[in-house]
Each structure stands twice: as structure tokens, then as C-alpha cells.
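What follows is a pair of complexes built around chain A, which joins chain B in one and chain C in the other.
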Partner chain A sequence: MAKKLVTPEVFRKKVADQSDLFLITERAQGVYHEFLPQGLRVIKTPKELIFPEWEGVYRFSFQDRSWKVWEIETGDFSPRFLFLLPCEARAVIEVLDGNFLQKDYIDKNYWQRRKNLHLIVLGCYTIPKTCFCSLVGGNPLWRDGRSLFVLPFQGELYVENDETMLFGEGKSVDAREEETLATREEELKASLPPPLPSDFPQKLYAHFDEGIWKDLSWRCINCGACTFLCPTCYCFDLSVEGRLRGLTLKTWDSCMFPRFTLHASSHNPRPTGKERVRQRVMHKFSYLPLREGYYGCVGCGICREICPVNWDIRETVERMAKYLG
Partner chain B sequence: MYEEEIRALSVKLLDEVEGVIGYSWGTLPFRARPFLCQKKEDVTHLVFNHFCGSNLARYLLSGELKEKKIAILAKACDARAITVLIREGQVKRENLVIVGIPCYGMVDRKKLEERFGPLQPQDFEWHLDSLTFKGENLSIGPFLEATCQRCLHPNPPLYDHLIGQEVTYIPRKRWNNDALTKLDMVSREERWAFFAGEFEKCIRCYACRNSCPLCYCKECFAEMQRPYWLSGAATPSENLFFHVGRSLHMAGRCVECGACERACPVDIPIALLPCKVEELIRGNFDFEAGIDPDKEPPLLTYRENDPGEFIR
Partner chain C sequence: MDSLSVPVKNIYLPELVQIQEIIEETRDIKTFRVQRPHDFEYRPGQFAEVFVPGKGEAPFSITSSPTQEAFLEFSIKRVGTVTEALHRLNPGETVGVRGPYGNGFPIDSLRKQNLLFIGGGIGLAPLRSLINYVLSAPYRGNFGDIFILYGARTPQDLVFRWELEEWKKREDLSLLVTVDRGDDSWRGRVGLVPEVLKELSIDAKDFKAIVCGPPIMIKFTIKTLLEMGFQPGCIITTLEMRMKCGLGKCGRCNIGPYYVCKDGPVFSYEELQKMPEEY
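Let's turn to the complex of A and B:
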């Protein structure tokens, strides 16, 4: 793995010179603004680049007494580089890729967008109050070992995996520096709150019917804001627009909405907030870890930040963990 | 503020009601949150302060509480929303014990951050209409949420018990910082450009609608399939259609509480639209939603002898 040190001046200049290649998430911008030039395109959540709020899936029309259907293909995307925080990167690499790029099914349009999107993971050197990545298997310096990784270090920027010299040649990291870095990383990890118990997903699963869910869910008004900005939430709806001519539209959807599970018969298996909130917690903290081996929550805390009524996912899982013992 | 009074009253009320809907401190600094107090020993969690923005009337609509006898803490805008819900047959007056609370306005965390940088709770002291930051006393006006800065009714119009003393000034006059007036003053083109920019940002999560205490339709026009009013694609023009549509459904019903704006995860000042409609209704029909329960809402009323020809 190539490791080097780049001065902040060179780093800023290199980014400024190629600024149309780069995008940055709002949260990464909040942490790293002093190292970056102004004017980069800022996005709310990484998912909007690869799994947009809405897109057409296919068009149809009824002509000459027969139906014609065309798939809507996303064109080619030129390579882009996205600056994002470790938790956001994990959301893309583990959860979104895990969902849309499965062994037996690849979402074509997702892959079109994803294959040319290169992630630049910015290590967190300050930890926002709302974060809890260490509870769900992450940490402020998490990276997948392949993506570019950047971290401020002794007045310079430490960079991993910059094969294409995006940030210049830099100077290579010597053995002592490498050791210092490793020690700091170990110290940092040791200072973080411990992960949830490894049997938490299993225990949660077994407590689907517990009365405590009513209490845990009361405050949430099912507004859905959290799921729209959550970097891992990937649920979508398909609706048909038009009758004899039109398109099938794919839009973000949310398990917080009553309509999410409304059957055509008008029966709704998740009739109240209790079932809906339980689903959101269960999907992220039980079903996904049991089925896929990773949590559906990366602990970024954006939902805690924006929830209008301070319904708090960290508080909820910690309370649940304590309750389940 | 008023904690002693609120807690003492709640202990008494819990003898006759299933629960008291109020506020407790949140899990993060500068946040209070809705709290359902059902046990006397829990009343110590009840608080009231400048971070109690959530409109509690929203909680009366959840199935659980609908048929039960409940006490609810109500700022002026919560009480107005409750009044509209009663008028529209959504909740029963006899099931409610309304604990009115005069309101000095809710503080917008973002405005505090803009002024003071990263916030530390210990740097602040809070008073009714002022705050102390590291020993310096400042008026609370500039830090209030936009809807609170333009508030005309700080005292609840409907209550069974009143906590504290009535507010003796009209916030809109005192703070003289009405976001709507500012928008009214610019040219049509500038106003259009402003809203076009905002609707570009909207991701159609519907959090604005879902947190509104008065948007309670089982099936909202925005998601109807037949008729198909608008597309689910969050394009600026469809977003505009949704928000204009919603504002019209709120006409003469919106209580200007700002719940929609508070919920918006992408910071669109979306309350401007329904508030503008309320302003027009105030001017044209001399009517304000949720103030007088006996006054007929002009846009929800039909008369055979209506002077307007287009209505007959």
C-alpha cells in the first residue's frame, strides 16, 4: 500500500486545479474545510450520486395494438472523486454496494454510476458529538484499504493509495512516522465506546414482540426525514406514471410511511408507528447483520442531528442492549 | 422555566388523565423533546424552555391517545392547532385537559451557532426574553426561529390551566424581523428566483407534511394514484406544485407554528408559503386559524347567498 505525506498547500492546490473532478459531502466539508479550496460541489449524502432521489426505470407505450417497453439506461459517467467521512464510505462500500451489487443480481444503473465514482475517505480528526461509529464496527479512521485515505498528521496530510498521484508525489512515510501513526490509531480506537455485544442482532430478533417497542417508538412522528438522509437507507418505490404511454418511476421511499406496507386489500401489516419504528431498528440492527454480516447503520448520527423531535437511534439501541442484557 | 409549576400541576392531573404530554430534555445539548409522562415519579423529567419547538398537538392524532383522557402542555401555537383539530372533529374537547403556557419564542440552534460558534451549554443562561452568554446579557429576538420572530399570538387562546404570566408584548412588533415582509419587498423575479432555488433542494421526503399537526389526511394528494395529481419525481416544478398545493390545503387552517420548517432536513424555510396564505386570509377575511373556536373558517364555509359569484 502506497503511503505518503503531502503538504496542505500542495493538497489544496491539486484539488483546486482539478476541482471539477471532485465532490464532497456536507459533513466532510464541515470537518475538512480548512484543507480544501472553496467551491467544490457539496452534496447532502453520498447515496444521491449512485442511488438518486428519483429515476425512470422504463418507458412504455401502446402502439399498433401492442405494448412496447424500453429500459431507460443511464448514460456513461466520467470518473469522479468523492470526499467523504469514514462512516459515509462504509455506508457505500458495505451497505449500498451490498444491496445493489449482489452476487445474483446487479442493479445496472447503480453500477453505471458507481463504477466511476472513486471514494476519498477523510479520516476524522475531530469527532462530532452525534457520532457513534465504534458501536457498529466502525471507527473515525476506518477505510477499506483500497480507497484513497487522507488524514492530517504532524502538520502535513498523510495519504494512502494515491496510485494516480492525484495529490502529487509527496514524500514517502518513514518507519518512525509509520509507527507513530499506528500507535495513535491504536490509542484512538482504545478510547472509543465499545461495540454493541456480538449477540445483539440475535437477541433483538428474539424480542420482536416486546412491549418496550411501544415506549421506544412513541416520540417518533414517522416524518421520514431521517431515512431520506441516512446514508444507508436504500428503500425505494416504483410507480407507474401515464396509462397508454408513460414511464415507471423509481423514487426513495421510507419504512416510516404508512403507505410503505399498505396492501391493495387495504390491510396494513405495520399499522402504527410502533411497527414502523421497530422495522427501522430491526432492519439496521438485526436483519442485516444476521443475513449479511454488517449493520445497516454506520453510526454517522445524521438522523440524530436532524430529527425534529430528537428521537435518538443511539439512545434506542443502547437502551435495548441494556434491556436485553 | 416554570418547571415547579408544571410538575406540581402534572402530579395532580395524573389522578384524572392517562398521561401528560409535555417536554423533557433531549439526548443532545440544546434540545428538548416531546415526552409522555404517565407516572407521578416521572414528572421530574418535565421541563419547559426555549427548545420546546415541537408542536405537541401532533401527538393527539396517534391512534393510541385518540380516545383517552390526556393532559397536554400547549404553547400558543399548540393550543391553536388543538383548536383547529377540535373544530375539524379530529379530537374531542372533553378528552383533553389543556395546560396553556405563554411563550417567549423558541431558539434556533443554527442561529446560535452562527453567532457563537461551537456551542457549550455551560456558556449560556436562559431567561424569558433574553439570554446570558459568558456573562453578557443579550436580547433573545435575533436567535428565535423565523416563525417565532413573526408570531402575533404568544398567549394560548384556549386552556384549562394557565402556567406563568401572560406575555405582554407582540413578538412580531417587538422583534421587527418578519421573514415574510422581507420577501414581500423584493421584486417578483427575485422572489421567483428565491423559491426556485429552494425547490431545487427539496427531496420530497414529506417530513414537512408529516410533522404538520394539521396535515392528517389518510391519503395525501401528493401520493394519490387516481387522480394522479403530481409526479413522485422530485423535480423543481413538481416540488413547487406539491408545496403550493399543500399551502392551499392549509389555507385558514395553518396556525403558523413552523413545525414543517423545523422538520425539513435540507433547511428549506418552507413555512413561508402557508404563512403567506394565512397573511392573505388575515387581510381579506379578518380570520386567523385556531384563535376563536366559534368563528367559521371562511374557506371551509359554503353559503348559498355568497356575494362572490364564482363560488355560487
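Let's turn to the complex of A and C:
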């Protein structure tokens, strides 16, 4: 693994010189603004680049007395680099890729966007109160070992995996520096709350029918804001726009909405907020881990920050963990 | 990323096919026979997404049997936007089809077994695919006795009447049709499915039961089957949930960690017992 140190001046200049190539998430901007030039395109959540709020998946039209359908090709994107925090990177690599690139059915539009989007993981060093990545198996320096990784270190920027010299040659990391880095990483990890017990998903599932869900869910007003800004939430709707010509749209949807599961017979398996909040928590902390082996939450805390009633998923999960013993 | 091969196919894109024939089954149910799309290999119990251009898309069980190679059939009850649009179409017009999706019936585990089919209303549609499969010449010998119990609210609500006549003529199966309420011309059985079921002289040990119908009918039928001595693993049913993608991606149709579109829609009662009651 290539490792190097780059001075903040060089780093900033390299980014400024190629600023068209870069994008940054709002949260990463909040942490790293002092190292970056102004004017980079800022996005709210990484998913909007690869799984946009809405996109057409195919068109239909009635011409010459017959119907035609044809796919809407997103085409090939030119390569771009996205600065993002470790939790956001994990949301893309584990959860979104896990869903849309699952081998049996690959979502073509997603794949076409994703394959040219390179992630630059920015190690987190100011940890807000609302996040809890270590509970769900992450940490502020999490990276997948292949993506670019950047971290401030002794007045410089430590960079991993910069194969194309995006940030210049830099200077190599010596053995002592490497050791210091490793020690700091260990210390940091040791200072964080431990992960949820490995049987948490199983135990949570076993407590599906518990009365506590009512208590945990009553405050939530089911507005769905959390699911739209959550970097891992990927549920979507397919709907039709237009009559004689138009398109089939894939749009973000939310398990917090009553119509999400409404049957044509008007029966609804999740009729109240209790069932819907339970679904959101269970999907992230039980169903996905049981099914795919990863949590559907990366502990970023965004949902808590934007919730109009301060509904706190961390508090919920910690309360459940305690309740389950 | 690069390790994945290029997906050539847009998984949401339907193939347009022509409606060959429409059979009016009841006041609000029609059976649509459509051209079979290319490379469309399916198993009984699977479903497809049917697209009406300009209207929308909805999931329907494939009611034809894969042994009928030239076409697909769907029996569709008019309940809302898409189904109403479908009911307004005529032979020769176009719909889109994508699929097949879902697990289908566990045919391997049904081999050599006696089969008890129990259908209620339009719930006969998914069963019919399997019934015609096991009745077809190449496969009939692989299965034991076949008993079909079919019920509907009134004689007017019976679907596939034309085919029930065919089945009745066959000597290698028993067919019993019942209605909740008869009328002047009805000469057959009157009674709810679970009640009629109780009176059948069927030895639970020798049969596998395959049940489909409205949720309330399924519930009471399963109860009766258990009383008759059926093991939960020997009762098979198919579920309905609101669906969009049909592919296990849109996150909509789960019951606990199971996606009904992918892991289902066919489940044994043994499997259902382990799931939360959220369907």
C-alpha cells in the first residue's frame, strides 16, 4: 500500500488546480475546510451521486400505432473524486453497493455512475456528539484499504493509495512515523465505545413483539426526513409519468410513509408509526446484518441532527441493547 | 468496482408483448393470454411484473404452466389503477412483462407425493400453474394422487370454469368445487372451504397441501389442516405484499429479514411460523 506525506499547501493547490474533478460532502467539508480550496461542489449525501433522488429508468411512447420502450442510458460518467467521511464511505461501499450491485441483479444505472466515482476517505478527527460509528463496527479512521485515504498528521497530510499522484509525489513515510500513526490509531480505537454485541441482530429480532416499540416510537412524526438524508437508506419507488409518451421513474421512497406498504385491498401490514419505526430500526440493526452480514447504519448521526423532534436512533439502539441484556 | 462485469441489461425494463386472448372469468376478473417474452423460463408459483404503458406496473402470479410454451397467462382482478387499465385493453394490444421473479413452488420436494390443492377465489391462479404442470403428460407420473378443493363466494365468482370442466373429466384427479352461497341453478356443494375440507376423508400423513386464497381463508384453512394432522412443513402457501421492483432491491416487501419477492412468495407454514406476523 502506497503511503506518503504531503504538505497542506501542495494538497490545497493540487485540489484547486483540478477542482472540476472533485466533489465533497457537506459533512466532510465541515471537518476539512481548512485543508481545501473554496468553491468545490458540495453535496448533502454521497447517495445523491450514484442513486439520485429521482431518475428515469426507461421511456415509453406510442408512435405509428404501436408502443415502444427503451432504456434511458446514463452513459459513462467522466471519472470524479468524492471527498467524504469514513462513515459515509462505508455507507457506499458496504450498504449501497451491497444492494445495487448484488450479483444476481445489477442495477445498470447505478453501476455506470459508481464505476467512475472514486472515493477519497477523509479520516475523522473532530468527533461530533451525535455519531456512534464504533457501535456498528466502524471507527473515525475506517477505510476499505483500496480507496484513497487522507489524515492530518504532524502538520502534514498523510495519504494512502494515491496511485495516480493526484496530490503529487509527496515524501515517503518512515518507519518511526508509521509506528506513531499506528499507535495513535490503536489509542483512538481503544477510547471509543465498544461495538454492539455480535448477537444483537438476533436478539433484536427475537424481541419483535415487545411492547417497548410503542414507547420507542411515539415521538416520531413519520416525516421521513431521516430516511432521505441517511447515507445508507436505499428504498425506492417505481412510478410512471406521462400517458402516450413518458418515462418510468425510480425515486427515493421511505418506510416511514403509510403508503409504502399499503396493499391494493387497503390492508396495511404496517398501519401505525410503531410498526414503521420498528421496521426502520430492524432493517438496519437486525434484518440486514442477519441477511448480508453488515449493519444498515454507519452511525453518522445525521438522522438525529435533522430530525424535527430529535428522535435519536443511537439512544434507541443503546436502550434496546441494555433491555436485551 | 472494476471486478464486476458490465451489466448488459437494464433490470427494470419490460419486454413488450401482445395480448393474444382475453377471457372474462367473472364480473371483475379477466384472464389475459400474452405472447411469451424471449428467454422467459419460469417455474410454477413465480410471478411477473406487468406494465401498462402510461399507467403503471403491478405484480401478478403466472397462472399458465411452463409446459404451455407459446404463451403466458395472468388472471387479474380489477382493484385499482393498473388493474383497471388492464381490464380496458383488447386482444392485439400491448403490455410489458418482466420476470420471472420469486422462488416458485418447491417442485422437487413435492415429487412422489399426493397433493391436496386448496384454492379460494382468485387464489386458484398461482395453483393452476402447478396443477397444469403436474397434470401434463411428461410429469403426471412423478406425482401421486391429486385432490383439488376450490371455493368461491358464489357460482358467479368461480374462475377458470372452462378448465374446471376439463379437470372434472379426468380420472387421475378428484375435484370438489364449493361456493359460500349457491343460487337456483347451482347443483354443487355449498359451504366455506375450511368446513368442506374437514369432511374430506384425506389422510394427512400421505398428503402435501398447497393453499392459496384471501388471507382470512388461508388462516382458517391452515388451522383446519393442522387439526387434520398436517405437519407445518407439509402445508405450502403463497403470500402477497405490496411490491415494486420484484428483485429484492426496493426494500418494500419484507417480512422480517425475508423478501417476499425474492425468498417467496411461496413459503411453508413451518417457515411462516418463524416469521413476525407483519403481513
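Keep in mind that, in the parts below, the second predicted complex is superposed on the first by the 321 of 325 C-alpha atoms of A that agree within 3 Å, B and C clash if a C-alpha of one lies under 4 Å from a C-alpha of the other, contacts with A are read in each partner's own complex, and residues count from 1 in each chain.
One rule holds for everything that comes next: contacts are C-beta pairs under 8 Å (C-beta built on N, C-alpha and C of every residue); 3 or more make two chains touch, one makes a residue touch a chain.
These numbers were taken from a predicted model, which means no experiment stands behind them.
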Room on chain A for both chain B and chain C (clash or fit): fit
A:Q63 touches, of chain B and chain C: first, second, both or neither? neither
First (chain B), second (chain C), both or neither touched by A:Q18: neither
Superposed model, chain A: greater residue contact from chain B or chain C: C
First, second, both or neither for A:R270, with chain B first and chain C second: second
Touching partner for A:L290 - first (chain B), second (chain C), both, neither: second
Chain B versus chain C as contact partner of A:S172, first or second or both or neither: neither
Which of chain B and chain C A:Q154 touches, first, second, both or neither: neither
Which superposed partner A:T183 touches (first chain B, second chain C, both, neither): neither
Contacts of A:D237 with chain B and chain C, given as first, second, both or neither: both
Geometry of the superposed three-chain model: angle at chain A (Cα centres of chain B and chain C, steps of 10 degrees): 90
Which of chain B and chain C A:K108 touches, first, second, both or neither: second
Nearest-approach distance, in Å, of chain C Cα atoms to those of chain B in the combined model: 8
Touching both chain B and chain C, residues of chain A: 237, 239
Parts of chain A lying in touch with chain C, wherever the complex brings them together: 57-58, 60, 62, 66-71, 99-102, 105-109, 111, 114-115, 205, 208-209, 234-240, 242-244, 246, 248, 250, 253, 255, 260-265, 267, 269-270, 275, 282-283, 286-288, 290-291
Of chain C, residues touching chain A in the complex: 1-2, 4, 6-7, 9-14, 16, 51, 53-58, 79-80, 83, 94, 96, 215, 240-242, 244-245, 247-252, 254-257, 276, 278-279
Contact footprint of chain B on chain A as seen in their complex: 44, 53-54, 129-130, 214, 218-219, 221-229, 237, 239, 241, 249, 251-252, 254, 256-259, 271-273, 304, 306, 308-312, 314-315
Complex contact set, residues of chain B against chain A: 26-29, 31-36, 53-54, 58-59, 62-64, 203-207, 210-211, 218, 223, 225, 228, 231-235, 259, 262-266
